[in-house]
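Shown below is the structure under consideration.
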Amino acid sequence: MNAAFETVYGAAEPLDWLCLAPHPDDAEIGAGGTLIRLAQAGRAVGILELSRGEKGTQGTPDIRTQECVRSAQLMGLSWRGQLGLIDGEIVDTPKSAHRLAAALRVLRPRVLVVPHFQDRHPDHFGAYHLSKRAVHLAQLQKAYVAGEPHRVSRVLLYQGNADITPTLLVDVEGVQEVWAAAILAHESQFAGAAISETVTPEIVERRRARQSYWGTLGRVRYAEAFEVEDALLVDPAAL
Amino acid sequence: MNAAFETVYGAAEPLDWLCLAPHPDDAEIGAGGTLIRLAQAGRAVGILELSRGEKGTQGTPDIRTQECVRSAQLMGLSWRGQLGLIDGEIVDTPKSAHRLAAALRVLRPRVLVVPHFQDRHPDHFGAYHLSKRAVHLAQLQKAYVAGEPHRVSRVLLYQGNADITPTLLVDVEGVQEVWAAAILAHESQFAGAAISETVTPEIVERRRARQSYWGTLGRVRYAEAFEVEDALLVDPAAL
Amino acid sequence: MNAAFETVYGAAEPLDWLCLAPHPDDAEIGAGGTLIRLAQAGRAVGILELSRGEKGTQGTPDIRTQECVRSAQLMGLSWRGQLGLIDGEIVDTPKSAHRLAAALRVLRPRVLVVPHFQDRHPDHFGAYHLSKRAVHLAQLQKAYVAGEPHRVSRVLLYQGNADITPTLLVDVEGVQEVWAAAILAHESQFAGAAISETVTPEIVERRRARQSYWGTLGRVRYAEAFEVEDALLVDPAAL
Amino acid sequence: MNAAFETVYGAAEPLDWLCLAPHPDDAEIGAGGTLIRLAQAGRAVGILELSRGEKGTQGTPDIRTQECVRSAQLMGLSWRGQLGLIDGEIVDTPKSAHRLAAALRVLRPRVLVVPHFQDRHPDHFGAYHLSKRAVHLAQLQKAYVAGEPHRVSRVLLYQGNADITPTLLVDVEGVQEVWAAAILAHESQFAGAAISETVTPEIVERRRARQSYWGTLGRVRYAEAFEVEDALLVDPAAL
Amino acid sequence: MNAAFETVYGAAEPLDWLCLAPHPDDAEIGAGGTLIRLAQAGRAVGILELSRGEKGTQGTPDIRTQECVRSAQLMGLSWRGQLGLIDGEIVDTPKSAHRLAAALRVLRPRVLVVPHFQDRHPDHFGAYHLSKRAVHLAQLQKAYVAGEPHRVSRVLLYQGNADITPTLLVDVEGVQEVWAAAILAHESQFAGAAISETVTPEIVERRRARQSYWGTLGRVRYAEAFEVEDALLVDPAAL
Amino acid sequence: MNAAFETVYGAAEPLDWLCLAPHPDDAEIGAGGTLIRLAQAGRAVGILELSRGEKGTQGTPDIRTQECVRSAQLMGLSWRGQLGLIDGEIVDTPKSAHRLAAALRVLRPRVLVVPHFQDRHPDHFGAYHLSKRAVHLAQLQKAYVAGEPHRVSRVLLYQGNADITPTLLVDVEGVQEVWAAAILAHESQFAGAAISETVTPEIVERRRARQSYWGTLGRVRYAEAFEVEDALLVDPAAL
């Protein structure tokens, strides 16, 4: 048992990749294709929902949690859980950062995928700033954080509802069907009437258009886009 | 008769908007929806091809010119013409700039739409730099350029085959059918086998995905994106 | 009666444009010419002071409120009011954001004009960040905010006491006299001794020089400058 | 005798500061106050006109040269001369760059002041690019350039007719009268009818407004603005 | 006695330069050479530690304070003190800002040197944001801050553990030995085992490599790099 | 035999990586460690010198060519050759671009490494612009270029003598000795007196300091830095 977060799927063991989602469907929409590819390649991939999306116009926390489990199965995740912050109030506070840092020490991801700092939704840029402090705390020996210190190696930013200037593109043509199914597993959001630009039955068609746009730039059919803030240490032979 | 350029459609009279296209289909692909909307709103709109696209893998200059005429009819253009620069060698030279400046003095556009300076294709960024010099020459009384000096009021940059950070978006949902037809009028490029990312029968589907991406950001279904380099003088009551 | 704010002039009805001012004279100094032009064009324009400027070296809240009323009359505003945050402590907190969101739901502006995020004064960049969260909350159905959800269509940033790189310029030559009178209506700030770069009898001369600078760039005599962060959806026929 | 350039005022001896002007009045308008302050502080200051401004709507090369001499006297310059490039065609070519490099080897400035690369006028950004190549050639031992190699220590960019984001500001309040007189010495440009935004009897009033704008940002009354591209080596005790 | 901070070395009198350090060794590592040069040139230079570094893996607050005193002697500082914020929780709050503002009113620095806003360590960017609010409060007559209002003239940002794009470089070749000794005076951090990229006996060698990198760009052997956000008012004769 | 270039080492067969060097030692200094690592990993790596460095103060073309051969052996290159452009006049012309494009069609690199566009040396930014045009021509079927069309997949920019903001870092600790030897193989440049910042016996020490600087940022001991302009398509499982 770990007080920092709650597991809804799989076991909270060290992961290769962890994606932070302010609300239950953000990870699928913004980085889902990439996470599926990684899971298919045998990586241990997880999603940590920062809130349970309780401010969303549709769905309830319980329904949305069940949808998260279903989507996790489809994506082949190793783990999915919830941090339990308040939807609509995700900001960088020392208290929330210590909580997230404790989660990072349990989940020990090598790569952390977080929302982009330029976004219309305050929970998205709030999550970005919160993650920055938590990544620092997680590695600090004297921080008041449970667990063994852990250093995240790479931080990638995924796209929310604003334009970004990507550093990296990931080909997601091969996982289109799984990706669409994982998004649509969030039935409470996408099976009813259109509520907003995001909460709409057309969500897959819209985000596929986005993937097609990035695909054009990467000379593939569909791609997801990520921004990296620090210079990325790479093996040149893998380029 | 005017030595600076050759008319292929309509009459070379003063225009409201003029779009510069390095090759015969660039204007349709990058700014077609906007040009069609303007023509439908009663504006005098023209396209000036800088080259005849003679280096393209498919089509011949004559065939492509006929396609330009057909597309001009569909778009409702007031005029279309060719400057006759060499395809693949569109660069900013004083000679080419004087020629383009002479054309600007005849066509007298209030708004000029030019390719973006960040592009993979040298003819595209070459056209951008060339247009900058020509705009200056066109207004200079003592320039060795035929015709009455003319000052272009606004310059907009349209997207080619690289990502841009747009200043302006234009809703093009209502002109989707005309726009698709205008592109496909360039049969030599888009009715045969796929040659490249651009020269492909899928061109409409691909660029529609782009319009969908920009549409998402502008909260409309489809939008075209433009960048403006100088601050734009606007009537606030029209915002 | 609405607990979120206090009206000092006019009636709190839906507006076309609303300008957020950290202190009682910021709107006049930074965006006054534009607001006057809009009012003269028949738009319903309002100003919401976030604080009553009680930390200012000169004037008292009551005196400054009377000056606000006088200036509102001169500008032709439809409404002016105060949110009652603490001068010098305008920061982005959930509590303040909910309060501002409630005001936005009453005033329902289509265009919101806010201070720029790059500014020397913490209340100015604080107001920017606060407005971003409030705009989001105002449209969120399940937010704990009184009133019907409202979505602001456009957000413009006006210049405070730092340099900006403007997206838009507005010609304000025709409203110079009204604009100067509206600023000088804040007698407690501008009729006495010079206290700072801003609080000085020379304020009109200084900000007119700024308008002249932007005017030069827009090829008019005097202009106000605004920055827009997202791409702006426009009607091309109005350009 | 040196073929690279022609002296119109003073003696071509090593200078502390040299300002490159595409046309006869650009240096006064963009950097005049700073050059006057330097001359008054005992520095050897010069201006090299790249062209004789023969494409200007008003004036002739001979008249403009006389105006240059008169202005040089007022400013207290040590030297003024002309490189003789063609007005309207100032571009970065190896030939022009070798000519400018030869001039730099004679004039040996420690600080070089050049037009900004972001400008509407092709001669201005052309001059910037040309100066970059010439600075390199001037220091290259094996370059085919007459004279002893010389390395310019600092390059400053001055403002033309576009907005810039300045690195440095120079207080020019104390030299307002001399500066205005030096500009107005170019009678052929500024004593007649208004021809353009720049060629107008209001030039001093307009550029003083610009200086007032930058002054506000630097907390002085009037300032000129410069951009520096490379990090500037400074003595911290002088800050 | 002043409640805002505690003096550990020298007397709290008006300073020329003040460097803010989140933790006891940050000033030496990031700006030490420059501070030493200034002290040697007769300037009154001080360092204010925002925290006592109590979260550091090695050392205790008392030991680290003694090391600060020793280093202050070596550097020739006029004053060194501690603000007493909590290590690991340095954020921009009104309370902390008022405390720092009160310190600024006592120490009255003309130039303030603060950590850069782009840094991996939350205490570093936190200190940047905190300093911005405090600088504003310190000059505000009606702020609830003890002491006479004071306006800081210049703010410089020094490098922490991320790359920066410097505005200014300072030659620090002549103070290499003193600088190394001042860093190594922090024995608890640098005399033991390597704990992290920063806490390591190799710290001098690593940061000297950084100085060598900046030196190459400034054409000196070793340089420290600073960024300035606002345009810098300079005496051109000193360039 | 191929008229486009001359081979000085190895056989001109298709390569994995090709580095463009304006002068004979630029590739070693800016990207040498990375090229050595790639060669050790079994990649076919080549260097194409654009000029023979005949304007350099020291050495002759023949001597420098022999040094290139010696260095190529040390680095384990598959091929090294010369394009024969004029040192000091490397600019983007159609003629030079066609020549380089022909070379690219023979050498067929998947990854092309080119000088950065921001550099003090005109040959460096000239090479960047030239490479952009040549990459385009090489893939254009109807270009007047000998050989089968070839599309370069990735373009990386390496650092010259200006600061850059890197996208990628490559760990080069393990190849320090070979790298130093490869540089020093250019005896004519580095075995004699110091001529400039670059031509000096201290070159290895200086560039190792640079590698140490980038290493600090990448958390390795020594790293080389590269910038990538377009978003980079990557396999996420390799991150």
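List of remarks:
Every chain is named by a letter (A, B, C, D, E and F) in the order it is written, and numbering of its residues begins at 1.
Please note the rule applied: contacts are C-beta pairs under 8 Å (C-beta built on N, C-alpha and C of every residue); 3 or more make two chains touch, one makes a residue touch a chain.
Chain labels with UniProt names: A, B, C, D, E, F = Bacillithiol biosynthesis deacetylase BshB1.
From a predicted model like this one, the values you see are computed outputs, not experimental measurements.
Between chain D and chain E, the least number of touching-chain steps is 1. Shared contact partners of chain C and chain D, listed by label: B, E. Superposing the C-alpha atoms of chain A onto chain C requires a rotation of 120 degrees, rounded to the nearest 5. More inter-chain C-beta contacts link the pair B-C than the other of B-F and B-C. Rounded to whole angstrom units, the spacing between the C-alpha centres of chain E and chain F is 40. Distance from the chain C centre to the chain F centre is 54 Å, each centre being the mean of its Cα atoms.
Chain B and chain D have Cα centroids separated by 37 Å.
With touch defined as above, residues shared between interfaces to two or more other chains in chain C number as follows: 162-163, 166, 217, 219, 230-231. Taken as a contact graph, the chains fit none of the simple arrangements: neither line, ring, star nor complete graph.
By the document's touch criterion, interfaces exist between A-B, A-C, A-E, A-F, B-C, B-D, B-F, C-D, C-E, D-E, D-F, E-F.
Interface residues of chain C facing chain D in the complex, by the touch rule stated above, are 161-163, 165-166, 197, 206, 208-210, 212-213, 216-217, 219. Contact residues on chain E toward chain C in their complex (touch as defined above): 94, 132-133, 136-137, 140-143, 230-231.
Within the complex formed with chain E, the chain D residues making contact are 17, 34, 37-38, 41, 43, 111, 154, 156, 166-171, 214, 217-220, 223, 225, 228, 230-239. Against chain F, the residues of chain B that register as touching in their complex are 54-57, 88-89, 91, 120-122, 162-163, 195.
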